[in-house]
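Note that the chains are named A, B, C and D in the order they appear, and that numbering of residues resets to 1 at the start of each chain.
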Amino acid sequence: MPLDKIGIAKRIAKEVKDGYYVNLGIGIPTLVANYVPTEINVEFQSENGILGMGPFPFEGEEDPDIINAGKQTITTLPGASFFDSALSFSMIRGKHVDLTILGAMEVSEEGDIANWKIPGKMVKGMGGAMDLVASAENIIVAMMHVNKAGESKLLKKCSLPLTGVKCVKKIVTELAVLEITPHGFKLLERAPGVSVEYIKSVTEGYLEVEGLIPEMEID
Amino acid sequence: MISKKVNSVQEALSGITDDMIIMLGGFGLCGIPENSINHLVKMGVKNLTCISNNAGVDDFGLGLLLQKKQIKKMISSYVGENEEFERQMLSGELEVELIPQGTLAERCKAAQGGFPAFFTPAGYGTEVADGKETREFNGKMYVLETAFDADFAIVKAWKGDEAGNLIFRGTARNFNPCMCGAAKITIAEVEEMVPLGGLDPDCIHIPGIFVQRIFQGERYEKRIEQRTVRPAKTAL
Amino acid sequence: MISKKVNSVQEALSGITDDMIIMLGGFGLCGIPENSINHLVKMGVKNLTCISNNAGVDDFGLGLLLQKKQIKKMISSYVGENEEFERQMLSGELEVELIPQGTLAERCKAAQGGFPAFFTPAGYGTEVADGKETREFNGKMYVLETAFDADFAIVKAWKGDEAGNLIFRGTARNFNPCMCGAAKITIAEVEEMVPLGGLDPDCIHIPGIFVQRIFQGERYEKRIEQRTVRPAKTAL
Amino acid sequence: MPLDKIGIAKRIAKEVKDGYYVNLGIGIPTLVANYVPTEINVEFQSENGILGMGPFPFEGEEDPDIINAGKQTITTLPGASFFDSALSFSMIRGKHVDLTILGAMEVSEEGDIANWKIPGKMVKGMGGAMDLVASAENIIVAMMHVNKAGESKLLKKCSLPLTGVKCVKKIVTELAVLEITPHGFKLLERAPGVSVEYIKSVTEGYLEVEGLIPEMEID
């Protein structure tokens, strides 16, 4: 059975290692924070200028001056710091952030990513995504394997305008965990009950399948 | 000490005229110069080019200037959450230049610090790099980006003194410090003017040299864009 | 929270070996990582390339490493006030690369922030620009300078916490914040370790993400290079 | 009679205008601070990271963490701020400092300056001088008109390695106040009792003399 959004978030949470600084994009990536085991020491950076983000505030304790990049009211944990946008992107560009998790509309078998613009539609902008993907050494994409029309979003080449080139390392979809290798998408895990054949059928880019593909372990 | 204090938003914004390029601090609605934006609406200046990470919402922040069609061009990284913006953009009334957020911040810093240009990896291989010089350093590709050239920078700080020294609060800091001194004239509005010597010299985020005018804003709404909360703590 | 705390200068400096490139904070003798420098002498590592605005005096700061001939090359903006330095330089034992002070600071910042290169006006038309690309922007000439690439940065702060957050004091700040995160590993020595939460998040100069190891220095001499005073105030 | 160092400092102090941020080099320039009239509001920046410098501390109140770029113990005035070296040079490079006063070994009639290196001698380094002269729009040089051998230091072309090109605006020596114009050194004022002829004789670069040259007013 394909994962739901929470399932994807839970699986990605397993990629978060002790000592990581992590930047989470809007959407599914934001959910990941909820599923990182408490014994793992991790600090969340938000590009609008905070390191050491905590949970949402208790009702009535919202502070309009303390938000994340999704413009949500948040709190800080002990050891947190605030900084300006330039220093924030120095953290990102300078590879001080260990892991970036973000959504995508399309990913190519070479690791190109498109997640900011659909020609002909209203464009909201790339925000910090282009800086993040151009810099991060460890980028995990959380995305749906197919679009609403049932077409693959894991492509030979992206059809949409790019956000960055050859940058994605890993992809977690509702169907599979995949790694970008010099050959293309390498299938690492499949969602419980989802067959390799099915994953192949909805992956337009080259899919490398080596040996037996285990099911994802979640929870 | 060189005093930068002016007594009103009118005085602070004097000299801003049609067709100017204005930088405005803030991320979403957080840390925006509310009082100055409201007064720009009153002044009715037109054909502005605004450099600001976002474009406000329909009825707050830069959205107010958009409603009055005072903005000719927006230079931003993200412009969602604004219907009037969308309408003007799709109809071609409004020019929009989208820039990666880190590049936006650094083009301000470059202007502040007298650097004409710098290489950044952001946008390489995308349409952002179209027409720009690209170059390899140590096996990686970078794009050459240039400093902004703006007439006014309008920023919002938490506390300030008459020397123009500024302290920001929380994530309301964002682009504000980067824009100080990045335009010909920098105007700072603050929630609280403190007496000279009231700010710890070690804790000043922006030294007064980067600020030409400072005033205390009359009123701050500080609207929240996404109110996200946990259930209230209950007494044991 | 990710703890960066180590318990001794030994542990902090582990991994520093011969032939490495080391950045060291400080301006003159102000804000130098005293405890780390003393320990580098003890470790006896050799052939170091040191990036530091100055080179200490004969018997303090980097002068101690010079005395033991542990430094192969100095990259600095000003190296006066040191006889042993002069002797080694004139005899050819010591390589010296002199860089404009602002360029030195920015080459650190570029490394910290992932910028491979930037244009600066400093040094145009002088021997500093020899062999470097120069270019005109808006009628003025600039020189292309590149980011440093160092193995370790060693900085000195006033207060820090185990998350690696740092606060500096007075002009002891200088190059220290610029060097944090500008090398593969950043080591911070502080006068005082405070409990987590003991630093105001708005007043932290360097967030812990830029620091890999932090320790409290055993003892600070903080020698004054030029003691200049007025006659003492007298009671009325 | 030629001015002494204090005379030069006093004359330069008259160039400091209300509202100026000023950076003072080591030597004679440092003395200028003592002679700026108290009704003139001015703030002194030192490139090691302080704005709003005050006088030397009272004996016993020296703080090793509070020094100027000459490494002298100093104090701060109300409204002062500390900052790092990068931001300090952003003030300088970004033309936020209104006036830079520094010493020189040689100045050319085109405004080139040499003040950091004598080939064959121990070189101490340029410190912040190259950033200052490459950026400042208003540079005044405090220097001696001739060297110890009696040779002019105001030259057609500098013989020493340059610190910056076409940057000096004004020069105050023990003999004269001069401005750099497209034609060369323009004589503005002469020291009390010093003749134009004498100044001409010790100025190797082209000296423009227009009309009557007044004596400097000092004190």
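Points worth noting:
By our rule, a residue touches a chain if its C-beta (ideal position, glycine included) is under 8 Å from a C-beta of that chain, and two chains touch if they have at least 3 such contacts.
Just so you know, these numbers come straight off a predicted model, no measurement behind them.
Centroid analysis (C-alpha atoms only) places D farthest from subunit B. Chain centres here are Cα averages; for subunit A and subunit D they lie 56 Å apart. Between the CA-based centres of subunit A and subunit C the separation comes to 36 Å, rounded to the whole angstrom.
With centres set at the average Cα position, the gap from subunit C to subunit D is 28 Å. Counting partner chains per residue, subunit B shows two or more touched chains at residues 106, 109, 113-115, 120-121, 168-170, 173, 201-202. Annotation for subunit D: residues touching 2 or more other chains are 82-83, 86, 89, 92-93, 135.
According to the touch criterion at the top of this document, the contacting chain pairs are A-B, A-C, B-C, B-D, C-D.
By the touch criterion given at the top, residues 27-31, 53, 76-80, 86, 89-90, 96, 98, 100-106, 108-109, 120-128, 158, 168-178, 205, 222-233 of subunit B touch subunit A in their complex.
Chain contact summary for the complex, subunit B toward subunit C: residues 106, 110, 113-121, 137-138, 140, 142, 146, 167-170, 173, 200-203. Subunit B makes touch with subunit D in their complex at residues 1-3, 109, 111-115, 161-163, 165, 181, 196-197, 199, 201-202, 204, 207-210. Put simply, subunit D touches subunit C in their complex at residues 46-50, 55-74, 82-86, 88-89, 92-93, 112, 122-131, 134-135, 161-166. Against subunit C, in their complex, subunit A makes its touches with residues 19-21, 41-43, 45, 51-52, 76-83, 86-87, 89-97, 135.
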